[in-house]
Amino acid sequence: MTTFDVNGVPVEDTFCEAFAGIYARFVVTASDERALKRAARHVSALPATVFGESEAGIERWLDPDETPDGRPGFLVQVWVEKRKGFEENLERELGKRIRQGVLVHPTTRVFDACEDPVGELDMERPVGRCADGYEYTDVEFGREMIHVPIMMGEFLIERRLGYGEGVAGGLVWLYCDSLESALDAAYGVVDVLKDVEGIVTPFDVCAAGSKPDTIYPDIGPTTNHPYCPTLRDRTLDHRLPEDVEAVPEIVINGVDLETVRRAIGIAVLTATEYDGVLRVTAGNFEGKLGDYRIPLRDCVREVKDEWR
Amino acid sequence: MTTFDVNGVPVEDTFCEAFAGIYARFVVTASDERALKRAARHVSALPATVFGESEAGIERWLDPDETPDGRPGFLVQVWVEKRKGFEENLERELGKRIRQGVLVHPTTRVFDACEDPVGELDMERPVGRCADGYEYTDVEFGREMIHVPIMMGEFLIERRLGYGEGVAGGLVWLYCDSLESALDAAYGVVDVLKDVEGIVTPFDVCAAGSKPDTIYPDIGPTTNHPYCPTLRDRTLDHRLPEDVEAVPEIVINGVDLETVRRAIGIAVLTATEYDGVLRVTAGNFEGKLGDYRIPLRDCVREVKDEWR
Amino acid sequence: MTTFDVNGVPVEDTFCEAFAGIYARFVVTASDERALKRAARHVSALPATVFGESEAGIERWLDPDETPDGRPGFLVQVWVEKRKGFEENLERELGKRIRQGVLVHPTTRVFDACEDPVGELDMERPVGRCADGYEYTDVEFGREMIHVPIMMGEFLIERRLGYGEGVAGGLVWLYCDSLESALDAAYGVVDVLKDVEGIVTPFDVCAAGSKPDTIYPDIGPTTNHPYCPTLRDRTLDHRLPEDVEAVPEIVINGVDLETVRRAIGIAVLTATEYDGVLRVTAGNFEGKLGDYRIPLRDCVREVKDEWR
Amino acid sequence: MTTFDVNGVPVEDTFCEAFAGIYARFVVTASDERALKRAARHVSALPATVFGESEAGIERWLDPDETPDGRPGFLVQVWVEKRKGFEENLERELGKRIRQGVLVHPTTRVFDACEDPVGELDMERPVGRCADGYEYTDVEFGREMIHVPIMMGEFLIERRLGYGEGVAGGLVWLYCDSLESALDAAYGVVDVLKDVEGIVTPFDVCAAGSKPDTIYPDIGPTTNHPYCPTLRDRTLDHRLPEDVEAVPEIVINGVDLETVRRAIGIAVLTATEYDGVLRVTAGNFEGKLGDYRIPLRDCVREVKDEWR
């Protein structure tokens, strides 16, 4: 594999293989900070797309002057696979994440924030009905809102949440010379990505990559065994260079290709600034599975000037 | 409803109606603090028992000298309903919460901590298989551990996680004179409960209670409309006193009846110390649904001396 | 039907009609001769492709210097029909034949020997799992081997067994003047075929041919009634010459067309050396069913010089 | 575990746990010795009850004066599990084993030999129909026989084969000090059992025992891991004494309890005569699964006098 140099670190001249995915994007606000933080943790937790469910992430935190109701909030993306019947799946997953992750936290509200929707889902069925017929719709904050009476007041959610088609599962891999350097570099990259518009990192720093072929198709993707350092002497198809001891993976989902390219570029640039990062590459499936091939070289070139 | 006095606040002389539930209880450790915190958030998030899934909570944080491998950690409980086929459901839910909430976070490990198991689940199938046949079992820390090679080393999980039968869904309700007083009192109670052995509060402060009967049985439990303040003038069966403006609910699950009684007692005692708490009671379904009836009066009496 | 002469015996100028089939080919070794013989018998027994299962045969026995682990062994082929979903069927059949026919016999091991694979099957699921999670993978003999702990040590099997697409069901028929001459000629031919590279005879000497059309389609192929000597006077469509009393059939499967042609040629040449063989022909279905038409005349011509 | 002494070897004072099973028992004869031997190998091969199929064994070889048609033969038992719908399963398995393992071998015939039938199966459907309507029934050898015309004459099978309820899966285990001593002792025991009336050993010497509980219920019984010598240091529930290096298992099925007791007794007596056999015991599932508990002590006492 040929490489190109970034900050003195070789970056493989390969591509991220990413997938078309479906995302809802909405704002959650609360008047109580304790409730808002808890809602953020819960609504974005447990990336479970491989279980046929959803994955999510906090895109960024919002000041009161950035939200429809003038309260502090955050922007969240919830993603499902783009496959037959995804609307039903997305409706169920939004129902679960919003009812169990937002509504139960006092003073919260939900507002649509999908800027380029290809469709929309009516929240009356998966969320409004929780009020057992006592819910009602009204126009507030210039939006059609469902009011769900609960024991601590009313939960408000915008009636229709748009969903878009974005780019999911872009994988940046850091070949590191130790576990410690891997942790510092990877958490450093994720921190920087928190400020990048339009993307989420549903897995934070991911310790476990996966491969497309498996003997357990029913269990979903399994460990990417040729890249597991402890299997170096126990498999014939090991692919890591000798001195690589840990390979953190950063999973990037974003609202469109341009956004994801930018985030990948920033991730590569940031990673190469850390000691112990021997090489940077992209996770891919040899082009067998993905809908997009995103060359690392292009991603880096595009952000280089802006970012410095 | 007759009441008895605690710290000058009337407490209804009624009972918590709780359910037999099944829980796994395990320790998660990590060498990296960032990873450990993230694992704690994810593994315990999104209480989704009403979706036929699971709910969970952090029981407490552990010092290195309290864990099997001498690293910092926490104790977590994962709960499912006790119904036919619960083993299958619990296995799936543990698979999901551990794979998507723990394994993906670097340096984490999982150890059984069920002290009174009625059964155990083998983690080879729901977790070990993630290694696609490269997993192996060994004795370490005096326990049979599955090693799952991943890209950042090896994830270790004890081969068998015990599960016990405990008491789930004990509900303490605080009748408060404003939303603000409700938030302070309820988050105050939840903070105190964090130090109580053997219990978790999967919903933290819950803004929304539910009732057993609904016009939408397919959507699961719906809002407990007679106790929703904003429905005071819109329903005929409203049941809140005039001056009650918010009713936070605290859901308590614990490993046995004694533990849950103690937690309820502590919750009541703590709540009555907050301004704006007009009355304390228990959520129940008039005895129609639960497996246990836990009188508030007994709970309070039992902890009163110890707690002061 | 025109004929051509081989060793003074007329051979019909027709073709063998053969089928594309899928085969796995592997080496079984053992340190104990008793176990090795038993494994050979079991793993290759009961040709049951007409039941939707598999058929198999021992290709040849191997000296210690011919096997990967330097122990005595044999080469076996397991065949399934090439139809939609054959991988699943082959995996199940390999699981059955290897677990019940090899693994249970002490000291045995299995190594891939497919020289021209079109795919491969991972043995972790159908065989490795027998160890209930105690199996592990390691590199040994330059191959990735699964170790399956059993009560008499460890059973070793190469992790991936290749499968190829070969040619199955080539049928050579000997028209004989008595049952006795038929038995001698047919077992004589089968003995000679034991030394031919790349082929197996899953049915040994087959006493019963079959035809494609039947009144019992659910029972699979039925007796080829026009060629049954005892039906000579009981059917209108009898096709055997007057003096033919028995028609042994030899079924040949091989790794490619060339190999099968060679084996058919050798079978014809050998058969014509036996007394009582009145005529040699090929079983076919008038070209209605098979993927290959293999002219007897070509087969004989190709091996004639080499063989003498 | 207490033991009692047999020939200076401790025998555990425990029980074989055996199962009610269903067996057909029939005689196969042939005029050609080559065909007879091959039929014996095929019809009794591949014990696959754990695949929901059948297992079988040659009970003994028969002289011409012991068979209904005065030709040499053998006595075979085919076993299936006794569960709902076993008749259908047994019919299918007999169809497969007789058509693919006997009928295809020239000159063979099948005669019922079930001495204590609880039911019978008509062979017209699973075997007779192979003749596509050309089969016919006649009385011969004092029995109602189906004639199936084939290309090498006629295959004859008695119209109705009886089936009985017997005792299956009695397990004798030999704790041996080396693999070599284990092989000699176990094959020695199996040789002696070949002369014992009414029983078969479908697995011959079995290298792999199984346990009732498994994480892969879909794969059938899995390795009895506490008794695998190579897992001694890798599991917490290892149960073999320190010096035991191999544990061959001998599986005994027989037509009734008395017969199986006798065979177990003979197996124990024989095993204790071999060097390197440190202890003899019985495989059991702690009484959790089986229909019968057969104490080793009783088995030995009953055969001791007769056998010497």
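Points to keep in mind about this one:
Note that the chains are named A, B, C and D in the order they appear, and that numbering of residues resets to 1 at the start of each chain.
Going forward, a residue touches a chain if its C-beta (ideal position, glycine included) is under 8 Å from a C-beta of that chain, and two chains touch if they have at least 3 such contacts.
It should be emphasised that the depicted structure is a prediction, and the values quoted were computed from it without experimental measurement.
Looking at chain B and chain D, the chains that touch each of them are C.
When chain centres are defined as mean Cα coordinates, A lies farthest from chain D. Rotation relating chain A to chain C, from a C-alpha superposition: 95°, rounded in steps of 5. Chain A and chain C have centres, each the mean of its CA atoms, that are 54 Å apart. One finds 27 Å separating the Cα centroids of chain A and chain B.
One finds 62 Å separating the Cα centroids of chain B and chain C. Multi-chain contact residues of chain B, defined as those touching 2 or more other chains: 122, 124-125, 132-134, 137. An unclassified topology is adopted by the chain contact network, corresponding to no line, ring, star or complete arrangement. Pairs of chains meeting the touch criterion: A-B, A-C, B-C, B-D, C-D. Against chain B, in their complex, chain D makes its touches with residues 215-216, 233-236.
Of all residues in chain D, those touching chain C in their complex are 32, 34-35, 38, 41-42, 45-48, 50-51, 96-97, 100-101, 103-108, 126, 129-134, 147-155, 173, 179, 182-183, 186-187, 203-209, 211, 214-216, 219, 222-225, 227-231, 234-235, 246-249.
Chain C makes touch with chain B in their complex at residues 122, 124-125, 128, 132-137, 146, 159. Against chain D, in their complex, chain B makes its touches with residues 122, 124-125, 137-139, 143-144.
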